[in-house]
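Heads up, there are several structures right after this.
In what follows, chain A forms one complex with chain B and a second complex with chain C.
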Partner chain A sequence: MSSDSERFAEAEDGGPQPEKHCGHGRGGMGEEVKRKEDQRFITGRGNYVDDIKKPGMLHCEIVRSPHAHARIENIDKSRALDVDGVVAVLTAEDLLEYDLATMPTLMDDTQDVLVNDKVKFQSQEVAAVIATDRYTAKDGAEKVVVDYDVLDPVVDAEKALEDDAPLIRDDIEGQEDNHCLDWETGDEEATARVFDDAPVTVKEQMLYQRLHPAPIETCGAVGDFDPGKDKLTVHMTSQAPHIHRTLFSQVSGIPEHKVRIVSPDVGGGFGNKVPIYPGYVVAAAASYVLEQPVKWVEERSENIQSTGFARDYDMQGELAATEDGEILAVRTDVLADHGAYNAVAQPSKFPAGFFNIFTGSYDVDTAYGTLTAAYTNTAPGGVAYRCSFRVTEAVYLIERMVKVLADELEMDPAEIRRKNFIQPDQFPYESPTGWNYDSGDYEKALDLALEMADYDDYREEQQRRIEEDADKLLGIGISSFTEVVGAGPGKTCDIAGVEMFDSAEIRVHPTGNATVRVGVQTQGQGHETTFAQIVAEELGMDVDDITVEHGDTDTDPYGLGTYGSRSTPVAGAAAAVASRKVREKAKAIAANELEAAEADITWDRESGEFHVAGAPDRSISITEIAAGAYMNKPAGEDPGLEAVNYYDPPEMTYPFGSYIVIVEIDRETGEVEFEKFVAVDDCGNRINPMIIEGQIHGGLAQGIGTAMMEHVTFDDNGNVTGGDFMNYLLPTSMEIPEFETGHTVTPSPHHPIGAKGVGESPTVGSPPAIVNAVVDAMAHGGISHVEMPMTPDVVWEKLDEAGLAMDPADNVALEFDVQSSDEAADD
Partner chain B sequence: MKPAQFEQHEPQTVEEAVSLLESLDDRAILSGGQSMVPMLRFRLAVPETVIDINRIESLDYLEEEDGWLTIGALARHADVEQSELVDENYGSFADAAPLVADPQIRNRGTVVGGVAQADPKGDWGSVLLAHEGEVVAHGPDGERVIPAKDFFLLPYDTTLDENELVTEIRVPTPEPREGSAYHKLKRKVGDYAMVGSAARLVFDEDGRIERAGIGLTAVDITNVRATDAEDHLEGERPGSDLFKRAGELAAEQSNPESDEHGDAGYKERMVNVLTQRALGDAAERAGVVKRRVSQ
Partner chain C sequence: MEFDGEFELEDVPPEKAWIVLSDPVAVRNSLKGCKYITPMDDDFSFDDYEPDEDLETLPEADPEDVAERAFVEGREYAALMQVGVGSVKPRFETSVTIQERDEEDFIMTATGSGTASGSSFSMDSGMQIHPLEEGEGSRIEWWTEADISGRIAQLGSRVIEPVANKIVGNFFSDIERQMSDVDEETDSGITDRIRGML
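Presenting the complex of A and B:
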């Protein structure tokens, strides 16, 4: 017996073709429908966690450790409790009574909600002050006196693994060092053989530095326990409300049907709001204990210093190749910093996420990768910051290494890519580390990008500048990345045991409009529009007649949430399948209304109407069918017109693209300016090109932040030195160049509407293109790598190393001209 | 933002503000809030009283008067940025204004507040030093004028008396053959300076440098003058080699520290580069040189 998902994966008419038939005038697929959600955001009517006000609501402020590694000797609450308006002060001791002092991480480690014994990173949660307003709560927090026995911290993964490093996780039985986990992929021996025999090998060490996802809305929650109904409601900034409900139930012991998670409007997530943080638990626990609503909202620096970081992979990359540039094998070794707990946000069976897709867009037979992860006295993390679980690190590695190889062989980096691309006829393509790529046409995307970038002209200009010893160097960087998005399938991907499917429920109302509920949750992606467009496309409805709801576990079907670009690949598929299920029932109603046999009813995608085969004028719209479903149901049919689908994808989808970045480097200062930025993306069939464009722009901006300025840094004492927006630099519109975007369309063969995810491609694909451009500008000076973030000082050091740094006097001659001085005086 | 509780006073006149300073112990002055608001937000400043001087309308001016460009305590960075007067005659001010913080901050933050804050990474102190400007303060005994070179003591510390309020900064109006410029290096809009250099050059009729002023940002415990470079320039005719040597001397005299804005060696190098650039622009604006790109 086949599932609905299988039965409806292919539409009877072959499915949507948005490139040919755009939107059908009803806001279906391919149309640039304006975002439904923007009206409320632009007019200031969004409803975020911090906008929620409940009668009798209290406020929570968390007392955090100033030390990175310290044993707590005593906590004195008395002075805080003396502050007028402070209602309670909670410590681990209080939470132990309710068995809530610890919580599981997504990797099944155990993290303190409030520290009971030993602080393991700066800003870790030590106590919580509950007061009548947020100012008083903060006043109270300053009066909590904690005595610490300060221990030596270690904030560097390499040092953490040295023999004499202080032991961080003495809470884990049998743990004797700071080693967290090992992982390997591929064939070690076969890879070693290829490297031994290869005519050319290259090697480079590169750090993908620690980043902070930096959603503009910080994390927060309103815990609201209703003792009358014995029900806990938590309004929280959650990218995955249902899985959070399951975890809340498991941790608290409150049955799952008595827990409701509401994720209202969320101001950006980027992976930061996938984990559960102690603050959420404290707000819920405090509400349970005090029987009053309790709000907790982070300050900016708390968000940066204590919530899930991203990346922090120190990677060695190696390629083996022939002399004419054919890549024979890829090898990598990674040292990962996981922070004080193993709290990486990956599907359970992927301790290194999808990092083993590091052969990228290239047809390589042999690969091997190893990884060691360490605990350090830094906040836990390893979240998928606008990417699919470490694919960002993998893409950076392979796209940087291809450039290193091109320079070694003095080959054009576009040419070497073309030579190694997986060819269109090789799909579905199985990679040496076990990935099954669905579709791709990499050369087509690269060729379009090269054309848009005036590649050949810029290469000539670059050469001219080198020959003339010009003061501004030109660099051209390419990245031809492949993404992997849309986790499940459930058989390989789960979060805390729950298989990674997703869901959509469609209810068509008697008057012909519909409510769609999805198991994914938007943080700015535009779900309320794109999901409505999918349903409009598949049901022949007008997009304005469809409302999309999400983020409330009491009403929405179970889903795994939005991250890893999985919403369109998984819940988007569910929406299409559910639509087709509705369409099937609609046919029965149409047959009844049109007095024809059901087998003779066909649906026309263009008109959106159902008609009798061979008699197009005998037709009926979905609006009329909706009325029929409730007011004139056929004999033998149940009333109503609705469907739900839980979709377990057969495979992931593999969006791809080619980005070309052209930079100018100031040889006097090391400043980098963007001259041109071309992004060609292929995400299969496109639902809303305008939303895609917006996603690409946003992700490219974050890629520029990554490459040019972002880095969470620590001093030797474990103090976060990049812990606020004065020091953790984010790019703004002032730093972002014009983007020239283009697209190709290679539909996913297994997705019901041929779509792939796209929101994260630009963050994944752009950093290596930018670094490749900067390296390219200095390659003639022997530079093979520049570490991110490429601030002017970092770039200048490389200029100096390459003998390319310049003095103003070398460049500009000042001609003394007293004549003009006199003219000036006369003016 | 969750500051500690404070009382707020809103004096209408300078005299009223000064008498509040005299009568209140634990107080802070709020003008644009560019630094004070973050300090309150981080509870680095927990004053009992905040004296908000934004109602003192007499301090809201930017004008030329009696041989001085005078900037009142309520003139915002954006006022300088948008001033035609500044744009025409005060190159260094016109250069610096759009480089201060970000556009939103420039609409609120004040030039005088920036100087009084005495952050060594602030821009206006360097410009003021290069121009041999003055700081005007009001206290219980009335007005006091402090030369810029005597104003800055330590980071966030000046020679201002406890009960004094800075009401104005001023620089001499330009002489016939004068030019000035400010160059700043930063990692992004809104970031503090990695390094900044302000230069003012006054030439005699033969085109020799009569007076040189160079002020440096973010390379010492206060904004500082590069006096060795100034001495080297005076009496000389402008040129690339001269400016190169001045850049080197400025770099040698600077004392930057390695921090998140770059290491000390790089910053010293940038003092040299930016000083050469600022001198070149200043000389060109004075009309005594023409720039020729060597290639």
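Presenting the complex of A and C:
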């Protein structure tokens, strides 16, 4: 174990290691290679959807409903069509002609592309204006007159399930209420028995509020139908171009080989760019109808108000335990808000995602969970915002509940965790809800975090402040989370029926460099560097000799996309396996070049060269082999040096970590300041420590936003009152403290390079640590929970409830002299 | 969202206050951001309509014109309102229907709805003029209930309420001024004549 300040001082130990990895100076595994993609990003040469310009390109603006629930009585296009430069106005009626008025969601619901009958959420797409430039399209959109018969909306999941709630989904045959789905996991009776007999039980209600992933680039597309080739190209902000190609083909009826999806540089996805949105379909349909390219790019508020939200799980958590803190059972009941359509972006057999990993890092035999989901008059969503399908909600639940239990038993929250952790020798560990954890060493990560955080000192300081009735309270929060990432395997995980494998294709060129194409796509994660490092490691090449391509379905092998931390666990494995296939063929060529038997050729990871066994000086590099493959191929071998691998993971991977957050709370104002923020992560073998650290920093910032600031809110009329960046607060550098990161390494035993994936650990792991810290500061006042986002007013209310608030008025008079009236008159 | 209130005009008798509040032009002049209020027939077009800017109100106006254009129960009016709220300044194309005009008790109620780019509202409003218990003056009671949707509503009540309060506040202080002018410069004969014509 080591903190990152001394990250290469110690060998990466612990757990099984399929192959030994460390830097060889070629930019392979474990080296801090600078990101290849940054040259174009920091010099302004990125190419995003909105940068794409095509001759004759038209622009699309979407007319959206101001009402959350309303029947459309009439749409009058005439005033819009009178605007100079407006080429067309499309409504559902027009799309019906092409059978494009509806589209399937990723959960097999049917969503209107443009509203045909009834608006179901505010800002839903009602009409599209196509014009010669963006301004004219906007002017035209203002002139589309829509008559609405306004209906009562319901924007709260609990109210939506009441008997007298307005029916939202009257388009579904037989649907009589707003009930969307039920789900359960675990053993109800066994869990009830444990709870009945348990010496200690605790219960807490907590809302994981509605969030928006808010990528810096909003969604957009350029539809480009080529009538000469009968081919539809859609440049779009897609986290999953291939599955989007399949869906576009199914929706449009255009054969899949005549559809090309290009996802160029994408400015952040965070799950927001996994679903298909009406704007993409409209841009493509308009291009098909008008036979001209059509661009559609969202505004910020459109992105927040109409594209996939995340979370919105109202959870009740319960723990049963012994008096000395051994957890006997976990039980939970969830009310989920799915919005107006069931459009959660999850593997189809997991209607509640991977929420049933809610027993977390703890060895618990018994668990039971239920969930009810409701339709509401809000935008559809439930995307995996920088997380693996509801693992965030699960981690929040268990890590909050462990703190609740610790406080109930007056135990140290670190000790109670230690007491219940799954032990290293228990792996592979099967959880009571059916997960098969690959590897872990939770105590090691916690110990390192405690040491880095000066835990014991801060506990003493906390006590001192309580005793001295200090103005600022200290709180220490811990989260020892376990994630489940890297979906497939294909037998259990699919998106719209397509199994969740992934792929990589390697072509080594005659001059010894290589092009690698992967089935996953990047939205900023650094794939062009990370995948190049995997191939560099496995082929003994220099990382600078490898170019990684992605995001174009015409050239890249089929893949399921980047989300749920699946790129490294799945496509990364494919890249390693494909490299090893190339290595096998390279051996045959090496044997030919070195005039030895193929069986006698070995590959040396350290030098990256092939040599005759027992004669390391008779060696040959991959560059020389590449030349041989094209210019001097062995008899009986095919020319060329390339390989492709489609990788179906045997299991998921289980990254973990321990975060410790120390906060100071101002008893007058309720403001929370971060005193210390320690993040220890274990993502198995590490490919690029610098990229990992960048990922951790970004995810922690988003975790702070979640815990402290962000919430998509609605008023009773269904108006989104958190629908722009004035009302939906994101953290800036001003709100982000210094992070201290550290790591342990426990490789995944089943992954070809022992890696687990890391991009989402910080978003998943940090919110409960932050909330636990704030609760911890007020625990001596009897506070067991504080709802997110913990804005100063929310915290102050809790301080007040606990009798810990200080009246600011008492101090104001002391700090500010009242200006005398004479001085005031001079001003 | 609900707003209501009342104010008193010590010297203006209910009959005169009623005349002023019955005049669409006087109402328009007091309503900040209102471009016009005009009867709306089937052919009315917000794109084409050009309001007459120089209409006089009492005391200068011809009493017959004032009587002619006064609000009529059951009639629909078109109004164009431009209001700045936060960072947006939508132009609301509004239709207002006078639901009730009680000439005896001085009650007038109206419903209306308006749309602007990405926003819409509907409202239910009313007012009643009561004679003051002492003296000749009036007490004017008013109320309105508005439902706001879309971009403006998203700004939240913290942004909308001050704007609405300001418009309403300006309206009544301005209409109060108009009433006082009418009271001081128009003799009862003229207002009685107008009342007779209504």
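Quick note on the criterion: the second predicted complex is superposed on the first by the 786 of 827 C-alpha atoms of A that agree within 3 Å, B and C clash if a C-alpha of one lies under 4 Å from a C-alpha of the other, contacts with A are read in each partner's own complex, and residues count from 1 in each chain.
To be clear about the criterion, a contact is a pair of C-beta atoms (placed from the backbone, for glycine too) under 8 Å apart; a residue touches a chain by one contact, two chains touch by 3 or more.
All figures in this text were calculated on a predicted structure; none of them were measured in a lab.
Q: Figure out whether A:Asp715 sits in contact with chain B (first) or chain C (second), or with both, or with neither.
A: In the superposition, A:Asp715 touches chain C alone.
Q: Could you tell me if A:Pro66 is touching chain B, chain C, both of them or neither one (first, second, both, neither)?
A: A:Pro66 contacts chain C only, not chain B.
Q: Tell me which partner A:Thr732 touches in the superposition: chain B (first), chain C (second), both or neither.
A: first
Q: Quick one: classify A:Gly723 as touching chain B (first), chain C (second), both or neither.
A: A:Gly723 contacts chain C only, not chain B.
Q: Between chain B (first) and chain C (second), which, if any, makes contact with A:Glu142: first, second, both or neither?
A: Both partners, chain B and chain C.
Q: With the two structures laid over each other on chain A, which partner does A:Asp793 touch: chain B (first), chain C (second), both, or neither?
A: The first partner, chain B, only.
Q: Please determine whether it is chain B or chain C that touches the greater number of chain A residues.
A: The partner that reaches more residues of chain A in the superposed model: B.
Q: Regarding the shared-chain residue A:Glu468, is it in contact with chain B (first), chain C (second), both, or neither?
A: It touches chain B, and chain C stays clear.
Q: Tell me which partner A:Tyr98 touches in the superposition: chain B (first), chain C (second), both or neither.
A: neither
Q: Take the contacts of chain A with chain B and those with chain C, and give the residues found in both.
A: Dual-contact residues (chain A): 142, 721, 726-727.
Q: Would you mind writing out the residues of chain B in touch with chain A in their complex?
A: 2-5, 38, 43, 102, 176-177, 185, 187-192, 194, 203, 206-207, 237-241, 243-244, 247, 260-263, 266-267, 269-270, 272-273, 276-277, 280, 283-284, 286-295
Q: For a test of understanding, state which residues of chain C touch chain A in their complex under the given definition.
A: Interface residues on chain C, with respect to chain A: 47, 86, 115, 117-120, 122, 147-151, 153-157.
Q: Going by the contact rule set out above, which residues of chain A touch chain C in the complex?
A: Contacts found on chain A: 64, 66-68, 79, 122, 141-142, 145, 148, 150, 301, 305, 715, 717-721, 723-724, 726-727.
Q: Could you please specify the touching residues of chain A with respect to chain B in the complex?
A: 61, 134-135, 138-139, 142, 299, 468-471, 668-671, 708-709, 713, 721-722, 726-727, 729, 731-732, 734-735, 791-793, 796-797, 807-818, 820-821, 823-825
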